[in-house]
Structures are given as C-alpha cells and as structure tokens.
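You will see two complexes here that share chain A, one where it goes with chain B and one where it goes with chain C.
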Partner chain A sequence: MSLNLWLDIAFMTLVWAGIAAAWNFLAGYAGQFSLGHAAFLGIGAYTSSLLLTRAALTPWIGIAAGAFIAAAVAALLAAMSLRTRGPFFTLMTIAFAEVVRILSMYFKGLTNGSEGVIIELPAKLSSMIFDGKWPYVALAALYAALVIGLCVWARRTKLGYSLLSVREDEDAARSLGVSSYRMRIVATAISAACAAVGGSLLAQYTLFIDPDSTMSFMLSVQPALITIVGGLGNAFGPLLGAAVVVPLGELLRGAFGGGLAGLHGFIYGVALIVILLALPDGVVRVFLRR
Partner chain B sequence: MLVLQVVLSGLLVGGIYALVAVGLNLVFGVLRIINFAHGDYLMLGMYAAYWLWRHGVDPYVGILLVVPALALFGALTERFLIRYTLAAHAHVKIFVTLGLSIALQNLALLVFKADYLSVRVPYQTDVWQVFGLAVSVPRFVAFVAMLVASGALFLFLKKTDFGRAIRATAQDRDTARLMGINVDAVHLMTFVIGSALVGLAACLMLPIYYVFPTIGIEFVVAAFVIVVLGGLGSLHGALVGGLVIGVVEQLSGYFIDSTLRQVVYFVVFMLVLAVRPAGLFGQRGAEEIGLK
Partner chain C sequence: MIEARDISKRYGGLAVLSDVALSVKAGGILGLIGPNGAGKSTLFNVLTGFVRPDAGRVSFDGRDITRLSPESRNRLGIARTFQIVKPFLRLTVLENAMVGGFSRTSHVAEARQRAREALALVGLQGRQADPAHTLTLGDLKRLELARCVATGPRVLLLDEVMGGLNLTEMEQMVRLVGGLRDRGMTIVVVEHIMDAITALADDLVVLAQGRVLAHGKPAEVLRDPRVVDAYLGEPLDAAA
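Take a look at the complex of A and B:
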C-alpha cells in the first residue's frame, strides 16, 4: 500500500477520534446518547464551506463560526429535550438530525440542495487547503488532541462531576442541588461545537460536501460505534476505538467494497453487538485491567 | 372533494403505519426496549414474500408462511440476543438493536443487492369508486387487515390469561414475577407477536411498495413517531397515532411540499416529546419506567 493511503487512514482515524470524543463527552459523561451528531457535522461542514466559497472567508474563522452555530442549535435541541430521558432523548436527536438533513436539501438557494458544494480553490494556508496530506494529518492530530484534552480536563472540573452525577441518577443529582437541566444543555452545546469542527475538517479534506456525505444517519452511528468499541465514558476510549474501527472499515471497504457491497456494514453491525455483549466497557478495559 | 381524497389516502397510509407501530409499541411496553430492528424485520418479511411470489405464491397467500417465519425469527432473536440486554446498561439496550438493524440491512444488501423489487399481481392497481372517491384495493385490504389484527390482539390482551400476564409484566416486571408469572415466556411471546405483526404487514405492503434493503427505516421511523405520539404502551394510541400521522403526512405533502412532508411529522414528534413525552394516550410518567 502506498504512503498516501496510510496518510488517508491516519487522517480519518484522527478526525473520527475527535468527533467520537465529542460524542463521548455527552454520552459517556452525561449519559445522553445522541444519534443526531451527523447534523452537527453537517452544520460545521456547511458553515465553513459556504463561508469560504460564497464569502471568501478563511476556514480558520469559518470553523469557529460553524462550531458556534452548532452549539447554539444544540442548546436549543437540549432545551427542547429536557423532559426526555434515556432512549427518548436518542429518538429526539434522530428526528432532529433528519429535520436538518431534509431542510438542507430543501433550501437549495443556500446549500445547493443535493448537488452539494464543491470547494475549488488553489492550495493555500489561508484557505486551509494543502497539496500533500501531511498538513491535514497534523491538523487532525491537533483537533483530536484538543478535544480529548478538553475531555480529560473537564472530567476534573465541577462540570465534569455534575455530568457524571446526572448520568448516574438525575433525580438524586437534582435533589443535591446539581442544576441538571443547565448541565445537560451545556454538555450538548460543547459536544456539538467540537463535532462541528470535525465536520469542517472533513469538508476541507474532501473539498466536496452534500447532505448525504455529511449528514446521513450512519454518520450519527459512527461516533457511537467508535466510542462503544473503545470505551464509553473513558476520555481515551474514542481514540482507541477510532484506531480499531476506522482502519478496519477502510481496509474492508478496499478489500470488498466493489464486489460485495454490504459485507463491510454487516461486519460493523455484528461487531457492535458482539462488543456490547462481550466487552460492554470497550477495548480500553483490556488495558485497564489490573 | 380533493381534500377528502387526500384525507382518505392519508387514513389508508396511516393504517399501514399503525400495523407496524402496534408491534413496536407492544414490545416497547413490555420489554422496555426500543427495537431499532423492527423495520428490518418488515424488510425481511417483504423479501420473503417477494421470494414466495417469484415461486408462484400470491403475497396474500404468502401470509400463511411469512407470518410463522417472522414469528420464529422473532423468537430466536429474543431468546439469543434481546434477553441478554434486558438487565444491561442503557447504552447496551439502545445499541444492540441498532447493531442488529445495521447487520440485517447490510445482509439484505449483500444477498439481494440494492435493486428496487416489486411484485405484479392482478389486483394491484384496482380502484373502487366510493361516492366519487378513489379507494385503492390493496390499501383497503391492508387497512381492514390492520383493524382485524389489532382487534384480535386487543381481545387477546384483555380476555385471556396470557394476555393478562403480558399486561401485568408491562406494568411491573418484578411484581409480575413474584405473582408467579413466567416473565421470560411473556417477553418471548411479546416479541413473537410483534414480529408476526410485521410479517403480516410485509405481505400486505408488498403489492403497494417496492422492497429494497433500507425500506424498513422509513416505516420504523414513522412507527417511532406514532408510538410516541399515541402514547407508550397504549395500543389504541398506536392506532390513532398511525392514522393521524398518515393524514398529516398526506396533507402536508399535498399542501406544503412533498419533500417537507417528513419534516412536518418529525416536528410534531419533537413537540410531543418536548411537551408531553408520555404521548397523547400514554400514562404520565410512562416514559421514565424501566429506564434505570
């Protein structure tokens, strides 16, 4: 295999480690299982790409704008979801992501609909487009390190402890004075903002986005799959999970993608079930065993 | 007149949604799991009915084979998969059925390819004219079958001992066990009924819809909306919810924009969850039972 292919896999692994870590912040710490993070990836990707192609605004600012919008939308979603718990929050996020995806196809004037947005610009640092793959890999590593670092740091703050208490028993947490509603809103917003950055990075890498490639339901499943394989609630679980899931996915797709469409997804599904039943704490457990 | 026609076709579409939703709601009410793979059972049933049609069996006759086959498949998944998730963490409950759904869809893609398949039967495009309104025959058949099946299920749950055992388990699993109810058998039977109902739905839908690996998603998503709207664990809620969603979908598709018809019912869904998560006919607090 060529170096480019390995760099490709490295980039995808690191970006997905970051996105999964963002998902884990909400799911692993606060116990809120979102299956709507594709919407935040899409909001990030569309914001930075449209600002770049339509307004010639550098993605270095566009990414921040996307994260900000995603956080605002997520806060609204979380505020609407305050009465839902457990699987009902999950259903809420699924519906939300579908609404965002359909609207992105409907408002063609803004998003080009299902034709998508192509970024056709010369390689330049200010437009975050590079000739080789190394700068992208470095960028992805920085992103993953920042999100995972945020998780490690937040775990030891008041926010982190509050989220964990909400996860363990929301009623008890509230009776002890933890403002669970505010914590849930804050956690959802942070998680969405971090995911949106990942969505922008993916867009800068592929230089083409459309509603399917940025917002399909499987993109909401992916961070959950990665985190569960790696280790839910552990800050390094998503990194470990991404290192297993992403290369495996790419290799399977490379090996069988053409002739046996579906095999790779089938293995994904079966692997998810097996890991959940055999290693519910994820692969990270194997390393932590004392 | 046109509005009446749209409402009528909405009711007929809603009947099919309701048939899928009734099974989902029953499984949710008793086992307290959200079965993401429910729609994929529907897809498997449709492929089975399609395969039978290719071998000369009419889809309506195929009911006799597809329903038992789906019931058996449901029994196997409950016994060897779902049972092990019931006492597990919340994330295991959610993601095991999601993993099953992904695996089944891709298995179908692997075996049947992504082609859209449909049967050709003589009554497929038949239409009855009733008071100037067009009634599609296969849709009407599906609607009547839905009413009969739900009525039978309702009577079973209300009048028989096993039905009472199912309802007792739905109310309180531990107390039911203390009263001598075989809760494991109740879970198994409930899952079998839910799967058999989608088997029935699959045969009734085959003359109307194309079958392809991801057909289940569309119907299971509608079924989730219906279950939440109608009320968790409420059978008549699922029926009414199904009809309401069918009409809402057709009306919004006609008067607003066909690409936005799903948005309308998703927004309804989110509003119900935001304001009254137990649904219209559900018991208050039903959404919190069994979550811990």
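Take a look at the complex of A and C:
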C-alpha cells in the first residue's frame, strides 16, 4: 500500500481522535450523551470554509470563529434543553443536529445548499492548504494533542471535579455547591468548540463540504462509537478508539470495498461487536491495572 | 440562624406541610422527629432548597433564601446529608471530599487540604485512595459527612445519619456529630433512633401529619402526652 494511503489513515485517525475526545468531554465527564455533534462539525467546517472562500479570511482565524460560533450555539442548546438528562438530552441533540443540517440546505444563498462549497485555492500556509499530506497529519496530531491535553488538564481542576460530581449524582453535587445547570452548559460549549475545530480540519483536508459530508447522522455516531470502543470517560480512550476504529474501517473498505457490496461494512460491524464484547470498558482497559 | 415560617407544601391533594414554623438557633443541635410521613424529609428539602414551598418563607441569618438553589445555599454555609447516601461512586474517597472542598475555593491544593482535614475528622484518612464504591454503609455515611464538612458549613442538616448503622458505628457517629457541634457548627438532625436523639439534641421539634406537634427541651417534649400518643406509642424511659 502506498505511503499516501497510510498518511490518509493517520490524518483521519488523529482528527477523529480529537473529535471523539471533544465528545468524551461532554459524555465521559459530564455524563451527557450527545448524538448531535455532527452539527458542530458542520458549523466549524462551514464557518472556516465560507470565511475563506467568500471573505478570503485565513482558516487560522476562521477555525477559531467556527469554534466560537459552535460554542455559542451549544450553550444555547444546553440552556434550552434545561434539565433534560439521559435519553431526553440525547434525543434533543439528534433533533438539533437535524435542524442545523436542514437549515444549511435551506439557506442556499449563504451555504450553496446541497451543492456544497468547494475550496479552490493554491496551496499556501496562510490558506491552510498543503501539497503533501504530511502537514495535514502534523496539524491533526497537534489538534488531537490539544484536545486530549485539555481533557487531562480539566480533569484535575475544579471544573473537572464539578463535572464528574454532576455525572455521578446531581443532587449530591448541588448540595455541595456545584451549579449543575451551569456546569452542563459550560461542558457542552467546550465540547462543541473542540469538535468544530475538527470539522474545519476535515474541510481543509477534503477541500469540499456539503451538508451530507459534514452533518450526516453517522458523523454524530462516529465519535460516540470511537469513544466507547476506546474507553468512555478516560482522556486517552478516544485516541485508542480512533486508532482501532478508523484504520479498521478504511482498510476494510480498501480490501473488500470493490467486491461484494456491503461486505466491508459487515466485517466492520462484526469486528466492532467482538471488540466491545471482549473489552466492554474499552480498549483503554488493556493499559490499566485492575 | 435558619428560620422557616408558615411553610406549606402540597403534593396533589395531600398537604405534606401545613404552616410549619421552625427556628434553628446558632450553636447546638436541633432534633427533628416524627412518625413516617410526617413531612420531615420535605421540610429538610425546603430548608436546603431541593423543594420550593407553596407558601412560607425560609431565611438564613435574616436573609430571605426561599428562592435560592441548593448550590447557592451551600455557598452561604448550609450543608446536608441524604437519607439514602449519595456518594460519587466512581470517584475516590479523597475526590468525593474534594468536591466539597471546591465549594470554598478554586485552588486544587486548597480543596485537597480541606478534604484531607474533613476526612481525618471523620476517621477516613486511611481510605483516601479507595473508590467510594468499596466502602461499607457506615463508611459511606461518614464520607457524606466529610464531604459536607469540607464545604465549611455553618449549619449542617443530617438526614438519618444513624440509619442502617450497627451499635458501634452509631456510637462513633454520635461522638462525631457532638464533636462537630463543639467545633461551632449548628446542627439539625432528623432521626428515628431515639437513643441517638436523646444523646445529641439540645432541642426537639416533633412533626406529625405536616404540623408541628411540640417543641422544646427533649425531656419535656418526650413526656408530652400528645407526642407519646402520636409517635412514641408508650412513654420513653430514657427521656425521664
């Protein structure tokens, strides 16, 4: 197999490690399972791409803008979902992501609708577009490291203790002075901002986005799948999960994708089931004592 | 310190509390007793902010706190335990107490220090690194107390901390709660176990069917025929 294919897999693995780590911040720490993170990927991808193609604003700033917008939208979502917890919160995130996807198709003037946005610019550092794949892999590695680093750091701060206490028992947390409602808003906003950066990076890599490629429901499932395979609530779980799930999917598609239709998907599914049965606490368990 | 006035709370057609008044004076231990369904837990939840009363007013140091959230009340200096313990099961003993410590500070080292002191006070310093789910019920009750103490409360509301404890554990808990009073905390205890109540309480309030039936010194209250009738069933020798 060619080097380019391996670099492609490395890039995808690292970006998805970062996105899953962002998801894990909300699900693993705060106990809120989102199945709507595709919306934040989409907000990040569209914000940086549109600012680049329409306003010639460098993605280095556009990515931050996308993260900021995603955080604001997520805070609003968390505030509106009020005290919904567990499955009710999850349902709200699914509905929310669907609304964002439909809006992105509806406002054609802004987003080009389902035609999507093509980034046609020469390779340049300021445009965050590169000829080879190595810079992208480096960028993705930096992204994953930053998000995972944020999780490791936050776990040791007051924010981390507050989130974990709310996850474990909300009433007890509140009786000890933890503002559970505010904590959930903060966690959702941070998680969304980090995920949006991943969405922007994916857009800069493929140089083409449309509602389906950035906001389909499968993209909301992916970070949950990766994190649960790797180890929910552990800062390094998403990295391990991505290292298993992403190459597995890509390699199977490469090996079986041309043959019997759906065979690679079948093997992929069976492989994931086997992994989850063998390691219900995630791959991270292999590296932990006890 | 804490004062509740004219508290009423209905759930559907059922009046759980009717015009209940309660005054907790600084220092000392107030015992709250009454038969099952008397409204003790609801009154506790009203005082700590988990239930909003339909009518009436709760004040703390003269300030109206009727509409304050539980977390805001904790930051003012009110802490509580739960009748059914609510530990953070997947956190360690130290981490459990640190959540309480963070109520007063944002610095990790300071929160850890507060947590260690609180754990030492309840005698759990040897279990710091153990996950909370490995603790016995007696230890979980003490952990819950330590978590409260770590928030630096001025008033501590204890909801049946003796429940489910064996005799030795109960004696330890009585000493512990008495020790907290001696450290200047004001304490309210809801309790079914009369030995514990008579050993601890400086004042007693008896609740029955959502109303205050009697209040005063334990020795007098427990001899009150209405209290005997509604709650004790027969005169309590220990109180005489």
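Keep this in mind: the second predicted complex is superposed on the first by the 268 of 290 C-alpha atoms of A that agree within 3 Å, B and C clash if a C-alpha of one lies under 4 Å from a C-alpha of the other, contacts with A are read in each partner's own complex, and residues count from 1 in each chain.
Everything below uses one rule, namely that a residue touches a chain if its C-beta (ideal position, glycine included) is under 8 Å from a C-beta of that chain, and two chains touch if they have at least 3 such contacts.
Quick caveat: nothing in here was measured; it's all calculated off a predicted structure.
Once the two complexes are overlaid on the shared chain, A:Val186 sits clear of chain B and of chain C alike. Of the two partner chains, chain B is the only one touched by A:Gly269; chain C is not.
In the superposed pair of complexes, A:Glu98 makes contact with chain B only, with no contact to chain C.
In the superposed model, A:Thr90 lies in contact with chain B only, and not with chain C. In the superposed model, A:Ser175 lies in contact with chain C only, and not with chain B.
Of the two partner chains placed by superposition, only chain B is touched by A:Ile228; chain C is not. In the superposed model, A:Leu164 lies in contact with chain C only, and not with chain B. Once both structures are placed on chain A, chain A residues 169 are touched by chain B and, in the other complex, by chain C.
In the complex of the two chains, the chain C residues touching chain A come out as 48, 50, 69-71, 74-75, 79-80, 82, 86-91, 95, 98-100, 102-104, 106, 108, 111, 147-148, 151. Chain B meets chain A in the complex at residues 34, 81, 84-85, 88-96, 98-111, 113-114, 213, 217, 221, 224-225, 228, 257, 259-260, 262-263, 266-267, 269-270, 273-277, 287-288, 291-292.
Interface of chain A with chain B (complex): residues 27, 31, 33, 35, 80-88, 90-92, 94-96, 98-99, 102-103, 105-106, 169, 217-218, 221, 224, 228, 232, 260-266, 268-273, 276-277, 280. Interface residues of chain A facing chain C in the complex, by the touch rule stated above, are 156-158, 161-162, 164-165, 168-169, 171-180.
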